Structures are given as structure tokens and as C-alpha cells.
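Presented sequentially are two complexes of chain A, the first with chain B as partner and the second with chain C.
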Partner chain A sequence: MLSNMIFIILATNLLISSFVMISTKRVIDSALSMLIALLSIAGIYATLQSSFMFITQIIIYAGAILSLVIFIIMFLNIKDKNLPHEPHKTRDMILTSLVVFPITAVLIYFIKLSDFSNLNEKTTSSIGKVGLELYQNYVLPFELISILLLISLVGSITLARKEKDV
Partner chain B sequence: MFKNYLILSILLFSLGLIGAVSRRNIIIIYMSIELMLNAVSIMLVSYSSFYNTNTGVVLSIMVTAIAAAEAALFMALFVTLYRKKKSLDTSLFNSLKDTNATK
Partner chain C sequence: MLEPVNIAFESLNFATLAPMLIAIVGALTILVVDLAKGGLNKSLYVMISLLFLILDFGALTDFAGMFKENGTMLGFFDVMMMDGLAILSQLIIVGASMLFIPLALTSKRFHEFSYPEFFSLFMFMIAGFQFMVATDNLILIFVGLETASLALYTLIALHNRNKSFEAAVKYFTMGALAAGFYAFGSMIFYALSGSVELNQIKDVFEADGYANIGYILVGVVFLLASFAFKLSMVPFHTWTPDVYEGSSAALAGYMSIVPKIAAFVVTMRIFEFLIHSGVVWLEVVLYAGVVITMTAANIWALVQTDVKRMLAYSSISHAGFVMAAIMIGTTQANTALFLYWILFTFTNLGAFTMLWVSRQKKLPAGQSSDHSFDKFSGMVKTMPVAALMMGLFMLSLAGLPPFGLFWGKVYMIASAVSAGYTVLAFIMALNSAIAGYYYIKVIVYMFMKEPTNENNYMINASLSLKTIIGIAAFATIFAVFAVSPLMEFISVLVYNSGF
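Moving on to the complex of A and B:
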């Protein structure tokens, strides 16, 4: 019962903050509400008793990626005149949600119909089991991801370097 | 209970999709893409938790790692584009457009 309540609070928090994120004009407001959304997602991982994803979400998303975004926003020193001029923002968002709504409604309808009666209870996934799964069955993707991270590191340095005047 | 997690994930994905399609600010588009990746991660982790397996958590770790790589490249792209155009408007980023084709 208590975990149900916690889930509802976190889900409401998450949906409201993500709506604020996609609808504000200033970028820094959007980034800060995304921080709230990411922390709520970390709480949802905690209600799923998945401790490793809880830690990963806080360290990587809220700690690394979002601080990078906020650093870039402050570094670029974005004024209001540099923001895009969006006079029809509300109309565009309503029209897009009219397109997206049927897909969402159909998916939710099918989830309501489907039968998940053979479910287990929620189980704690310990870090040790996740590590064994990662190194026993998914070694090749894991190593490929390390190469991908190296390539993106080199690529982002090359891309952001100041070009010499031709 | 399990259905609630799936419905939450679908709603979050739809919000991210609306943000990515309807906005013109490139940083907000990037953050909407991150929101969609997070929605997929919630679904994977909830399957993994209710079906008593660890595969979903492993896949979700990979999604997180790819999102980190993507974040680095997006930041470099923001800096480059902002230096050239002095704006975050995606409709101004048309450097590859063929100006002779419309004539």
C-alpha cells in the first residue's frame, strides 16, 4: 500500500515535470525541470527494487549528463533574443498531441486488455547478479560500447574545436 | 501494479515525442530524446523486475551508456552551431541546403 502511494506520487511528479520541460520557453527552466524528472525516474527504479539502475540514474543522468547540459547552457550565455521565435507553440503542441494521442490510447488499451497473471512478485536485482549477467552473456556489446564511448569522445573534441581562419 | 509501470512508460514516451516534434529549440529537442530513452529504460527495468531476470537491467545499462555518448556529441554540436548562427532555432540550421535548386 505504501509503495503504491510512493509510486503514484513519483509518477505524478515525473509527468508534471516532463510536461513543464517540453513546454517552457527558457532553456534553463527546461533543464532544471528535467533534473526533477530524472530524479523521479531514479525513485521509480527504487520502487522496482533495482538498486543498480537507481545508482546509475543518479550518477550518470542527474550527475554527469545534466550537469553537462547546464554547463553548456551557462557557457553559451543564451539571451532571450537568441531563443527561437515560436509564436504558434501552443497550437503546434496541441496538433502534435492530437497525432500522438491515438497511438498512446491504443497501446494503453492493449495493456489494459492483456493478462499478466503469471507474474512473479517484485524481486530485488542485486548488483552481483547484474554483473554476472553482463559479463557472462553480454561481453561483446559491453566491449563495443566502450569503443563507442571512445569514438564519441574523440568526435566531440574534433567537432567543438575552433577552426582556423581559412 | 505492473500495468501501471507500463502505462507510465508509454505516457512518458508520448510526452517526449510531442516535445521532440513540436518544439524548435534544439536543446529542448535533445532533452525530449533523453526523455524517450528514459521511458524505454523504465519499461525494460520493470519487465526485468517482475519477471525475475536481469536482462532488462543489462539492456538498460547499455541504453544509458549510449545516451552518455550521444550527450557528448550533442554538446559539441550545440557549441558549433551556436558559434556559427548565434541562435538555437532549428529552422536556421540550413547550411546544407542547396540554394540554387529552388531557382
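Moving on to the complex of A and C:
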């Protein structure tokens, strides 16, 4: 009962903040409501006792990605007059959600298809399981991601110091 | 408390990683050399890259020999898979890279080559493509693809033109969308089969007789869209001419060959078993895609005023032509695909290098693009040899006997006929005829028109660029002698990997 209550609170939070995120006019409001949405998702992970997902959600999404987004918003200092003119915003939003609906339907189907019966015993030690899987079967893609990060580091630094002519 | 993990070192089969590790070590070496002493000449970096690529190529030929004896090699918990397709496509990737990297030694000074990071990123990109083809694990394919693409975006952006930046951003945005499609499609396959290994996915699908066919098709749509972006199939081709125009001619030529062969191999792995599953829908979609890509790209190429844009559309059309092999799906067609692509590599290398030697640092006055048709007018009077070379590559691209690409087209059309696709074979032949028009247009400009006032065509030429053109011309003219041993080599590798 209590967990249901918590879930309902978190889900309502998530829905409202997601809606505010796409409908608000000021960029910083969008970013902050995105933060609330991400934290609500983290809360839902926590109620499912999925500790690994909870931690990654907080650290990566709410922590790293969102601070990057806010940093860029502050860095660019976007004024109202710089925003694109969107006369048919509501209509476009409804049309987009209609387009995205089938994809969401597919996702919901697969969620229903998945086997959640032994979820709890699987997830109690999920960090260990994830770690073992990552460092055994998927050690090669995992290590290749370090190369990927090195490339983006080298590439972005080279581009940033590129001299301009022409 | 977790159990300690014990894995025998031999079971990892570390050797399967050797070719990629050579490329990665090469990339790191370049970074370290720059760290130790900056401001070295670019020829050193070209030579280091070339050295590691030769090592890489040698390792791969060794693998080809081992494959003929022992069959497919698996490594790293079956994530790595060195089968015939992987070895063959890596040979093409590394071989083409070896031919393209000396194009950095131009006589004009271009900005991007003064950065050692350019060569380092180039080597990383090759390693990424190698990982992408040498696996049937959807996750490693994804990571390899992203590794290679990120490096490629940066390489494009390093070229010093405003248009290059635009091209890189366009390519990046499109690539990100394609990556999203790929992830969604793979997710559906994983959800349906519980595995990310393509051969296990195939087993699961066949075991339940394609029961979830509707959802499989949703997954196929997303994967198809993602690879259609990479292969620049119509209607996902719109980025191609802009990106080719914005990047340097050398890199544009490279992009028309190496990323595409990697994408072809992955497409072959994913779609071949799905086509044989007897799902008619996929065949129809691919059939339509192949025909539209070939024909529409040819028609757009007719109206271009810039030779580089024309070649961009021509490469789209060639990609459509080759995609037909994946739709046909017989061993003969798959063999023809690799033969076609090897011959196409040499011809396109020559054509794009001919554009590269004519590159000025600044745009010529009164011209909006680097390689307009006017630039080539009357070339035979001022530069007879260069005009002859350019004509040779154009004729080969048009598929005139006895030049290289003719044999590729013959084998491709023959495989279509013998698999019963007579109409498709007819359309392919018809398209070769349409394509003839715009290739001959360049020749008409070169041989029939009067030269324009100032002709500085070979402005960017250097000994190494001329050598590369010589190699490409040699390979294009004498391809006829190499076709049958090549076919034998390719068919052994392709057939024994089950394609």
C-alpha cells in the first residue's frame, strides 16, 4: 500500500514535470523540470530495489548530463528574442506525440513481454551481477568505449584549438 | 561475497584482436611522438601510419591463411568473430586506407595535416571499422560504428572551410539519428530473442518459426533505416552530396569506400538470414530501395554542375547497385559484391585523387565550387596526361570494357540473372547506360572544349599523389588479369563463412 502511494506520487511528479519540460517557454525552466523528471525516475528505480539503476540515474543523468545542459544554457545566455518563433506549437506537439505513439506502443508490448516474476532476487545484488557481466562477456566493448572516449577527447581538443582562416 | 573469476588466458583467443590492436597502437604512437617532440613534418606521421597499416595488412593476410585451414575463429567470449567476411572486409578497409593516407602529402599546405591528431584519429577510425566488421555482437557493432563515426566527423571538420564545418555537423546529426535507429532496432531484436549475438538471434527466430513476425519487422525497419543512412540509400541519402562537397576530395573519396564496405558487411550479416526466412515484405522493400537508389541517384547526377557533387551522386548509385547483391543473397552475389567493391576502390581512388590534385587553397574567382565542370574544359591541350587519366577513371566508372569496374558490373549482373532476377538485371544494365552520360560529360569537357584562360590544374600535385594516381590507373587498366584469382580468393572466404 505504502509503496503504491509512493509510486503514484513519483509517477504524477514525473508526468507533470515532463509536460512542463516540453511546454514551458524559458529554457532554464525546461532544464529544471527535466531535473525533477530524472529524479522521479530515480525514485521509481529505488522503489523497485534496483540499486544500480538508481545510482547511475542520479550520477549520470541528474548529475553529469543535467549540469552540462545547465552549464550550456548559462554559457549561451539565450534571450527571449533569440528563441525560434513557433506559432503552431500546440498543434505540432500533438502531431509529434501521434507519430511517436506507435513506437511507445511497441515499447509497452515488450515491457509486458518481459519476465518480472523473479525480479527481486535478481536485483538485490544487481551491482555485482552487472559488474561481472561487464568485465566478463562484455569486456571488449567496454574497453573499446575507453577508446571512444579518447577519440572524443582528442577530437574535441583538436577542433577547439583549430585556427581559423578562410 | 563474490566468487573469484577464473578464466584461462588461452580461451580468450587474444590473437583475434591483433589487427585492431595494431591500428590502435599506431594511433597511440602518433600521439606519443607528438608529445615527445612537437612540430614534426607531416611526412613522418604519414609514414608511421603507413607502417602500422602495412603491419595490419600483413596480420590480416595471415588470418586469411589461418581461416582457410581452421575456419572461423572466435575470441573474447565469442564477441570477436574472425570469419571470411570479417577478414575480407578488413583487407579492403586497411588496403584502401593505405592508398588514401599518402594523399596527405600534397604540395600545398593544408591545415588539417599539420595536426598529428589527424593521423591519430585516422588510425582510430580504421580500428573502429575493423571492430565493426569482425563481430556478430550487436553491442560491439554499435560501439565500433560509433568509434569510427566520431573520428570521421572530426576529420571532416578539420578541413579548413566553412562548408566543412557545416558538412561535419550535418553528418554528425544524421549519424546520431541513425545510431538511435540502430539502438532501437537492436533493442527489439534483443527483446524478442534474449540475445545480442546475431547467430543466436537467428536460431531463436527459426526455432519458433518467426512467430512474432510483426515485431521482427518493426526491428528490421529501424535497422534498415539506420544502415540506409550509412550506405546513403535513397531516401536517406540527402546528407551525402553536401558532406562530400564540404570535405576535402581525399576524404570524400575515402568516405565513398571504407565506411560503406563496413556497413555492407554488417547489413549482410543482419539481413541475409532475414531475407532467406521467406518474409516477402523485406525483399520487396529492399528491391524497391535498390532500384530507386540506383535510378534516382543517376538522374540527380545528370544535372550537377560540380564534378565532386556528381561523383557523390554516382557513389550513391554504385552503393545501390551493390546493395542488390545483399538482396539477391546467393554466394555468387556476395562474392560479386566484394569483387565490385575492390575494383570500385581503385577507380574511385583515382577519380577523387584527380580532383584532389587540382585543389587550390582558396576558391578561384567567380566560381562557387572547387571542381566545376568548367575547370576541366580543354584539359587535353594543356595537360594531356592528366586528362587521359581522368578520362580513364571516368570510363571505368561508366563500366566500359576492359577497365576495372566493367568486370564488377558483369559479375554482379550475372549473379542477378542466375538467381532469377532478370528484371533487376535489366534495370542494372539500363542504369549503367544512364550513368555513362554524366561520366562522358566530363570527358567531353576535357577533350572537346577550348581551354579557359588560366589553367592551373595540377596545382596541388606532388610525387606521392602522382604515384597514387599511377597505382590506381595501373589497377584499373590491368584489372582484367586480376579478376579470376581475386574471385577465387573471395569466393573461398565468403563461401566458408556461410554467406
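Everything that follows uses one rule, which is that the second predicted complex is superposed on the first by the 127 of 166 C-alpha atoms of A that agree within 3 Å, B and C clash if a C-alpha of one lies under 4 Å from a C-alpha of the other, contacts with A are read in each partner's own complex, and residues count from 1 in each chain.
Here is the rule we go by: contacts are C-beta pairs under 8 Å (C-beta built on N, C-alpha and C of every residue); 3 or more make two chains touch, one makes a residue touch a chain.
Note that this is a predicted model, so its numbers are computed, not measured.
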Residue contacts with chain A in the superposition, chain B compared against chain C: B
Partner chain in contact with A:152 - chain B first, chain C second, else both or neither: both
Which superposed partner A:106 touches (first chain B, second chain C, both, neither): second
Which superposed partner A:74 touches (first chain B, second chain C, both, neither): neither
A:141 touches, of chain B and chain C: first, second, both or neither? both
Residues of chain A that lie at the interface with chain B and also at the interface with chain C: 103, 132, 137-138, 141, 145, 148, 151-152, 155-157, 159
Residue numbers on chain C that touch chain A, as the complex places them: 2, 5, 7, 17, 24, 31, 76-77, 79-80, 111, 115, 117-118, 120-121, 124, 127-128, 131, 137, 139-140, 143-144, 146-147, 150-151, 153-154, 157-158, 160-162, 184, 187-188, 191, 215, 218, 362
Contacting residues of chain A [partner chain B, same complex]: 4, 7, 11, 14-15, 18-19, 21-23, 27, 30-31, 34, 37-38, 41, 44-45, 48-50, 52-53, 56-57, 60-61, 64-65, 68-69, 72-73, 75-76, 78, 82-86, 89, 92-93, 95-97, 100-101, 103-104, 107-108, 111-112, 116, 119-120, 122-123, 125, 129-130, 132-134, 137-138, 141-142, 145, 148-149, 151-153, 155-157, 159-160
Parts of chain A lying in touch with chain C, wherever the complex brings them together: 103, 106, 109-110, 113-114, 128, 132, 135-141, 144-145, 147-148, 150-152, 154-159, 162-166
Contacting residues of chain B [partner chain A, same complex]: 1-8, 10-12, 14-19, 21-25, 27-28, 30-32, 34-35, 38, 41-42, 45-46, 48-52, 54-55, 57-58, 60-62, 64-73, 75-80, 82, 86-92
